[in-house]
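In what follows, subunit A forms one complex with subunit B and a second complex with subunit C.
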Partner chain A sequence: MSLTILINGILIGSLYGLVGMGLSLLAGVVRMINLAQGDVLVGGAYLAIVLHNRLGWDPLALLPLVAVIIFAAGYLVQRFLLNDILRAGSFAPLVVTFGLSLVLESVYQEVFGANSQSLPAAWGDSAVTVAGVRLESAYLVAFAVGAALTAATWGTLRYTRLGRTVRAAAADPGTARLLGINVERVFAVTFAASAVLAAAAGVITAVAQSVTPTGGLSLLLFSFAVMAVAGMGNVPAAFAAGMLLGAFQAVSVAVLGSGAETLAVYVAFFVVLVIRPSGLFGTREARLT
Partner chain B sequence: MSVRSGILLGVVLVAGVAAAGPLSAANQYTGVTILTAMIIALAWNIVAGYSGQLSLGVAAFVGLGGYACGLLMAHAGFGWVTAVIAATGLSAVFAFLLGLPLLRLRGAYFAVGTLAAAVALQAGAQLWTWAGGGSGFTLPIDGLPSSVSLLRASVVGFALALAAVLYVQQSAFGLRVVAVRDDERAATGAGISCLGHRLAAFVISGALTGLAGALVALQTLTVSPAGSFSMSWTIDATLYVVAGGIATIVGPLIGVVLVYVVLTQELQSLGAVSAIIEGGLLVVILRFAPAGLWPAVVRGWRLARGGRLARLVDARPGPGVSAKVGEMLASRATKEPR
Partner chain C sequence: MIRRIGALLAASALIAGLAACSSSSGSTAGGGQGKGSSITIGLSIAETGDEAIPTLLPGYQQAVAQANAAGGVLIGGTRHPVNLVVLDNQSSTSLLTEQVHTLALQDHAVALVSGCCDLNVTEAPLANALKIPLVGTAIPNELIGKDNGTWAWNIYIDLFDPGLFTTALPSLGATNKEVAVIGSSDPEGEGANEVTAEEASAGGYKVAVKSLVPIGTTDFSSFIEQAQKADAQVLVAQMPGPDCFALWKQMKALGYVPKVTVANQCGANPTWSQLGSLGNGALLGMNWTPTSGLPDAQAVAATFNKTYPGDVVDQEAAVTSYTAMEVLLAAISRAGSTSAAAINAAIGQTNGSFPLGTIKFDASHDWSGSTFLAQWQNGKVVQVYPKAAGATAEFPPSGLAGS
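What follows is the complex of A and B.
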């Protein structure tokens, strides 16, 4: 197994970090798991493909546009659907997001067909060689986007007024409400941000690899694995855990061959979940930032 | 279990077994499909409804039951009856081994853990070349049951599942399972083993789902990773129970009839659109009628009957409109002599 495979695995793993970070943020603040998180990633990819066909922009220029659209959609979904369902307890949101996942997968299949699709980029096939290691630009971009969004999420939570509001609502929704924080709006913003993290990962995934309509399920498990390793709400740890997962996947492909690698990742995930349900770095309580 | 439940089970068994004979082969096939779906729905309801743990691992047990039954018949020379019984037992053992670590997890962690187990088993079956790998294998043709026998076996399986749910609904054991669901801390305080009761519910449910999986394998004559471990088993179980009424006995059965007869049969030609409707239905039901269809029907019936029951229903805090309707119906019912 060469160093190239390992490093490319780590770089692409930063995208797992992003989508897992979204899941983890939502779990930490809203105390809800979005079982359609993987399908949001796939949705971001398809949205970018559609916009690319219409506008012909570079994927990196499409990224902010996709982010705005997904943010608006996510905000509305949480505000007008999920916030109401949250009041029914912890069971109902799981079933509802499971239903949404089914709807999204079927819609993708109807609209885009069952074959995998990818997003062309001028820089998509280029690569640089550093110290004998061939690094594809798409993977480097994945890492750059991952690191930038991680820093932005972390900085927002830690240093801005919005971040303090989110942390207050996460720590104690009741008290936050008494202090005049609109908790429902905070939840909607959090869900929207979580969706944007996934969708951004989706756009880059479509450039670096490809997406299929039914790819959401395994991506959900990957992002859940990231959260399980990093601990709920821990943003930098989620990024690190994503890269760890990417490395693990790359190593298992190289050692076991593709096919067996899926099994290896799921079994490893299962073991981590059972041994350390609160995460390898985490405590039982959700911590933000 | 009460005498009434015993009589009910006896009637279901005798009537089901007797009615199986005269049916046409096509109807016998449909009967097996509906009954196995009902077994799966009743089983899922034990874990999700009464024990309050969302299991997304239904496909794991359907697949396991099917593979166990098929492999035992093909390679160990088991007859189909013993193979089905052994598959049920193996599913119970598997549920115990899987539940032991997973049931320490709560809510979403348990849900995703069961999902991961199902996907891992599917990936494992794909790699298992001895069991046919990705394309699966066909059951040995000489040991198969006739369609009447298979339908009768399904009736017996259905009666077993019904007995399990009646037991959970009526026994002290079931009361403890529900207590663990509703308030873990209070249940622990009352000396109830939370893990033990969750595990018992999970094992009963897993065994019944494995039984249904074995019957499905005997019906479709093949097992494969894509079919036996398909996510659609999990999706369907969830939809049946949520649509019909979670944590009720009749709800899941109504859910099967409704979803199978109305959706699956009528919308089969529409392909992916039917999946969109199924998923959308889950969302809509939980948004507007989270208790499901059957509790709504019961409530309407009680209101229509009027009298003390209607006032009882009316007294419960609920949405304004239906409370007003209840008030109206109750006052009319008490004024008008019957």
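What follows is the complex of A and C.
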């Protein structure tokens, strides 16, 4: 196996990390699994495709616009739908987000058709050579965007007033409420941020690969694997876990053949769950970091 | 007690009688045995999901609409309207299985027409088990096996035309005849890989790299590296659209530039044009093009050009399904009854001119029709073998050049 395959595997893993990070953040703060996370990713991709067709901008330039729109949509969904559902217990949001997933897939199907769609960009099929290693530009962008969003999320949680509020709400929502924190708003902001992370991954996926209305499911499963390896609520670890999975996947394919690509991720998922249920980087208690 | 048993027996007899009446009336309506009653033809198709090919539907509907406009299909001197029941199997084989049973047993379909590709590998044995004729597009009978193909009839080209490696590809330009083959690890992809290897070998080519990948694969760097090391100048891919999109982008990024690229299944996707210049030069096998010179090609093209303006791959799918339905309706008419066995026998005796050419099935229920090699050039599909007037084949494909 060449170094090119290994490093590209790690870079591809940064895309998994980006998706898993959103799921992990949501699980760490709201204690909720969003089964529509893959569909949010696909939604981000389709939104970028629509905007690209109208504005003609490079997908990277569209990222902030997509982020703002998805953030607003995510905030509204959590604030006016999921927050109420959360009161019905931890099982209810699973059912509702599963339903949301089915609705979104049907809408995508109706609006965009069943065929795969791709976002054109000069960096979608180019590469740069560093020390004899040919690195795919699209995944370099995935790494850069992933690293930037990881740093931004971690920094916000660690060093800002908003971050302290989020951590307080995550640690003990009841006490946080007594202290005057609007926990519902914190949850809505967290859901919206989680959706933005998925949408960013969606835009890059549409450039590096393509998207279909039902394509979110496989990425959702990958993000579960990322969360299992990283542990819930550990944002930087989720990004690292994505890259670790990408490297593991590349090595597995090189050693066992192409058929091992998906299998490798699920095996890693299963093994980590059995050996260390809190994740390789996680603590016994889910903690937001 | 005796009175209670008597009541139970009477109730049972009543229910059995009602069931028999219901079954009998269903058979008459669905089976088309009453004078002028409608006959049902069933279609389980992937309108959604990974294997979605909704473009087959307009062709089937068009043929049925034409038949109904003429009063229906003529059976034994009486015209019977045709009722096409369409169910979306969402690309799921389990849903397909359930739907085929529903169509055959509940809707009393006299025959089935098919969707496409890998799902047909599941549907053909089902048709065989239920003893219901199945006429369709891209039913790989050679993968189904002799015993499972009795009731399935394929009017699309085989997985690969035997002439691909002997005449079509060499006509484009010289290569080192080293081939890299990649397919999805589903029955169709596996079969396609095997058939390609056999036909490449027969054509004097050597399969240097052969790989099967799960549907949804996004990282092909290992395969690409092997193909580069083997200097494979011919690439044959048999995969769904999303996988091919990722493969093509990665081939360009990693600097793999084969002289010939065949994009089966994924190339027959109108959104291939979204790859922009990267998609240029990809070849695909077709059994109809507007420039094919086949019977009524221009008239048929005009019909489906309304539904799919300028979109040759979707037009081809529609023409194929249109022909499949015409073949079936003609066979039902010739059979003179809605008996499954009679229809099946009549399909086997098909020998006539249709939009895809003269259709006559061989012993394995395949039809060896014309095969055309087409190529994506600047968002359009151009027939390059046999070469259409004014067409020039890209060799090597410009899309991957300049990596």
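Everything that follows uses one rule, which is that the second predicted complex is superposed on the first by the 282 of 289 C-alpha atoms of A that agree within 3 Å, B and C clash if a C-alpha of one lies under 4 Å from a C-alpha of the other, contacts with A are read in each partner's own complex, and residues count from 1 in each chain.
Going forward, a contact is a pair of C-beta atoms (placed from the backbone, for glycine too) under 8 Å apart; a residue touches a chain by one contact, two chains touch by 3 or more.
Everything quoted here is computed from the prediction, not taken from an experiment.
In the overlay built on the shared chain, the residue A:5 is in contact with subunit C alone; subunit B does not reach it.
In the overlay built on the shared chain, the residue A:109 is in contact with subunit B and with subunit C. In the superposition on chain A, no contact is made by A:171 with either subunit B or subunit C. By the document's definition of touching, of the two partners only subunit B reaches A:88; subunit C does not. Contact with neither subunit B nor subunit C is seen for A:69 once the two complexes are overlaid on the shared chain.
Once chain A of one complex is fitted onto chain A of the other, the partner contacts of A:218 extend to both subunit B and subunit C. In the superposition on chain A, contact of A:262 is made with both subunit B and subunit C. Within subunit A, the residues touching subunit B in one complex and subunit C in the other are 105, 109, 218, 259, 262-263. Of all residues in subunit A, only 1-2, 4-5, 8-9, 12, 105, 109, 113-118, 120, 124-127, 134, 136-138, 208-215, 218, 249-250, 253-254, 257-259, 261-263 touch subunit C in the complex they form.
Those residues of subunit A that touch subunit B in the shared complex are 27, 32-33, 35, 81, 84-85, 88, 90-92, 94-96, 98-107, 109-110, 217-218, 220-221, 224, 228, 259-260, 262-263, 266-267, 269-270, 273-274, 277.
By the touch rule above, subunit C contacts subunit A in their complex via residues 46-50, 52-54, 182, 185, 211-214, 216-223, 225, 240-242, 245-246, 248-250, 252-255, 269-271, 274-276, 278, 403. Every residue of subunit B that touches subunit A in the complex is listed here, in rising order: 48, 52, 54, 56, 101-102, 104-105, 107-109, 111-113, 115-117, 119-120, 123-124, 126-127, 231, 235, 238, 242, 271-273, 275-276, 278-283, 286-287, 290.
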